[in-house]
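In the two complexes below, chain A is the common chain; its partner is chain B in one and chain C in the other.
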Partner chain A sequence: MNRTIIQTEQLTKRFGEKIAVDGLDLRVEAGSILGFLGANGAGKTTTIRMLMGHLHPTGGTVEVLGSDPWQQNQSQRQKTAYVSENMDIPGYLTPAAAIKLNRRFYPDWDQALAEKLLEEFELRSVGAYRSLSKGQKRKTCILLALCQNAELLIMDEPASGLDVTARRTFIRQVLEIACNEGTAVFLSSHLLSDLERTVDRVTLLDEGRLILNGHLEDFKVGIRKIHFDVPVSLEQIAEQFKVIRYKKASEVETVVTVLDYDEQRFDAFAAEHSGTENARCYPMNLEDMFVELTRKSEAKVQLP
Partner chain B sequence: MYIHIDYNSGKPILHQAVEQIKWQVVSGKLLPGSKLPSIREMSRTLQINPTTVVRIYKELAHQGVIVLRQGQGAFVSESSQKQSKPEAVEAIRDSVRAALVEGLRLGLEKDDLDTLMNEEYHKIKANQDEPDNHSD
Partner chain C sequence: MNKSILQIELRKILPFYITALVVIISYVLFWPKPLMAGDGIIATAGFLQGFIITWIVFRDAPAVECFLFSRGITRQRLFWNRWWLVAVLMILMLIIAAAVISAGLRCLIFVNGPWHPMVKWYELNILWPLGLASVAGVSVRLFLLLRDRFLKPDKMLSTIRRVWKYILLVAAVGSAVLLGRVIPHMEIAIDYLLIASFYVAGLLILSTATARSCFLNMEIHT
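Coming up: the complex of A and B.
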């Protein structure tokens, strides 16, 4: 088992009456890329701010690289790199000047990578940060974070505003980092098709609570949307499968989403309930899963 | 080594890759003893998480398609026919039966099925056909 980079236990944050993060148990190992998902307001940014030591938890514990981020000194904090959607660097710096500055500040700085990314992101001869386009600003901040050679890379919507080519470069670089096995990447993004291929684990937050946490590939094996052309009761289907959503689409149609589909068990189910053998089963990609698990409009089944 | 992954199909990347590598081995595109790309190379080429590559290789090793040699990498097994013939027959009996049942259900007859079996066999041996990645 790889080194633990992030560990939280029952991590909780309240703002007055409101519980923003509710009893979060997380564990991220070195070499892993965690996709941290949730609808707006689900508690992602609050969690990230606690991981960064910017916010003090109301309850529970958080450890980043072996210590409480709230207590970390500067050299410990330098081992975590951070990019957020709203982050900026001083407006008068050109990307090249920012690199010079950061190079002095971070002992593990990767200058070769900085040179390479300056070219690939086409930032070598651009002007001061304040004069850059939104995409160029993002690329500058991403470059600075990647070259820090940190042990933990926390990214909050890093790729929003990037064009496709820059996103590809970014993804490729994040995968390179994961190959080094010493670093963990904590990636929060709404660009689910990007996450689909890059992450190994996904964590889905809904109203401050963890509703899905594990290997994306494992979820894909079992998660299916099943359309029945006959009425099927929740009790019937729940006897055989872990149901995460149940909907009577019409008098005769039932739509069910299950976490642990398996052909043989489905055949057994169909043998017992006539009319169900013609059901159609659809696999789901990450985006389908996300929508399915976070939709608010219908009554949800209590998650296992 | 060309592998095509449909990232958004919902089908696990692991299954897609294992299926295609196995196909390359049985069709002779990947010869016994040949070395597979390193974890890092594979992660780069397919742009997928290295942990997923590790899982792909472990699954292939588990199925006897490849062997993992410590510090050297992954190699196509020298003899994928380590199983005796009766064992091999048992190993594929279920999938053959499932395909037959489906064919009969769709109204095919024995001759059609024989022809199909022959056609697919020759395609594989002739290295022509690419596996269908989109069926599920």
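Coming up: the complex of A and C.
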């Protein structure tokens, strides 16, 4: 088993009456890229801020690289790289000057990579940070994080505002970093197509609660939308599968989304219920899964 | 001191510091009357200088605060880096003021004045109000850092929560007593200045300790 990089137990954060994060149990191992998903206000950024030691948890525990982020010493802090959507470097610094300034914080700084990314992101001859476009600012912050040679890379909406080329460079670089078995990447983004190409594990939050956590490939195999051309009751389908969403589309049509689709079990189900053998079964990409799992509707009947 | 932090802080503070330096040293150089320990103008300037320097050094734009507080440096180190920078800037101001007086530059300017060409060493007493007021300004700003953070929904150390108002009370009452007793006698009794020094030192220690705890525990909401 790989080393645990992030571990939270019953992590909770309240802002007054509002519960932003509700009893989150999370474990991220070295060598993995975790996609941290959720709708706006689901508690992703609050969780990340607690991982970074920017917010105090109201309850539960959080450990990053084996210690409480509020108690980490300098060398432990140097092993975490962080990019947030709202982060800015001092406005008078050019990207090259920011590299020079930032590298002094990190003994393992990768200057060769910094030079390479300066070229690829076309940041070498741009002006001061305050005069850059939103995309160039994001590129600068990403560059500073990627070159730290950190053991943990935490990124909160890093790619918002990036053009396609820069996003590809970013994804390639994240994948290269994750090839290092000692490193974990914790990536929160609404760009699900990018995440799908990058992450191997997915965690989904909804209203502060964890509703899905596991390997992306397992979910791709297991989560299916099934169209029945005959009426099927929720009880019937729930005997065989974990039902995420159940909807009677019409008198004769039923649409069900299940979490744990399996061909053999479906055959068994079809054998028991006549007329269901012609059901159409659709695989789902990450975006479909996200919508299906977080869509607010009474038809949502069960979450794992 | 971390070079990067020093670079960031100096960039923030130098425009104001140089302005303050020019203003205070100009006063020391060009004030036509003898400089005395009870100089209210220099005390006010010193207080404002300490207050504003501390405010600029310890304040960050929210997005930059997020950047700084996620670097590979502990909050403890960041706090002390900033504290020492403020201290060094205060001390530098005193040294320059002392050098200007000791070098006899005032004698050159007031060459036709009644005291030419003597250096009047008693004028060094102006360092008292300048230094003490600067430290008081730093202390007040550090207290306000604490108060500002209390107004936010942060989790603070419960001990600070309990004692901070008493510390402020002591500071306020002490300041009033000090002003009432010391200023009228400043030019004639050095003992009062020593009392004031102890008082301001105590104020600085308390404000530093509480501000440090606040700094180590404050939440970053950006």
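The rule is simple: the second predicted complex is superposed on the first by the 302 of 304 C-alpha atoms of A that agree within 3 Å, B and C clash if a C-alpha of one lies under 4 Å from a C-alpha of the other, contacts with A are read in each partner's own complex, and residues count from 1 in each chain.
One rule holds for everything that comes next: a residue touches a chain if its C-beta (ideal position, glycine included) is under 8 Å from a C-beta of that chain, and two chains touch if they have at least 3 such contacts.
In this text the structure is predicted, and so the values were computed from the model without any measurement.
Asker: Figure out whether A:Q72 sits in contact with chain B (first) or chain C (second), or with both, or with neither.
Answerer: A:Q72 sits against chain C, while chain B stays out of touch.
Asker: State whether A:N102 touches chain B only (first), chain C only (second), both chains, or neither.
Answerer: Touch partner of A:N102: chain C, not chain B.
Asker: Just checking: does A:E120 make contact with chain B only, chain C only, both, or neither of them? Give me first, second, both or neither.
Answerer: neither
Asker: Can A:M87 be said to touch chain B (first), chain C (second), both, or neither?
Answerer: Second partner only.
Asker: Let me test your reading of the model: by the given contact rule, A:I33 touches which partner, first (chain B), second (chain C), both or neither?
Answerer: first
Asker: Quick check for you: in the superposed arrangement, does A:C179 touch first (chain B), second (chain C), both or neither?
Answerer: First partner only.
Asker: For the complex, give me every residue of chain A touching chain B.
Answerer: Touching chain B: residues 31-33, 168, 171-172, 175-176, 178-179, 181, 193, 196-200, 217, 220-221, 223, 282-285, 287-288 of chain A.
Asker: Applying the document's contact rule, which stretches of chain B touch chain A when the two form their complex?
Answerer: So the residues of chain B in touch with chain A come to 5, 7-15, 39-40, 43-44, 46-52, 55, 136.
Asker: Spell out the residues on chain C that touch chain A in their complex, using ranges where they run on.
Answerer: Where chain C meets chain A, its residues are 2-4, 7-8, 11, 61-64, 66-67, 69-74, 77, 153-155, 217, 219-222.
Asker: Per the contact definition, I'd like the list of chain A residues that touch chain C in the complex.
Answerer: Chain A residues touching chain C: 15-16, 49, 52, 54-56, 70, 72-74, 77-78, 80, 82, 84, 86-90, 92, 101-102, 104-106, 141, 148.
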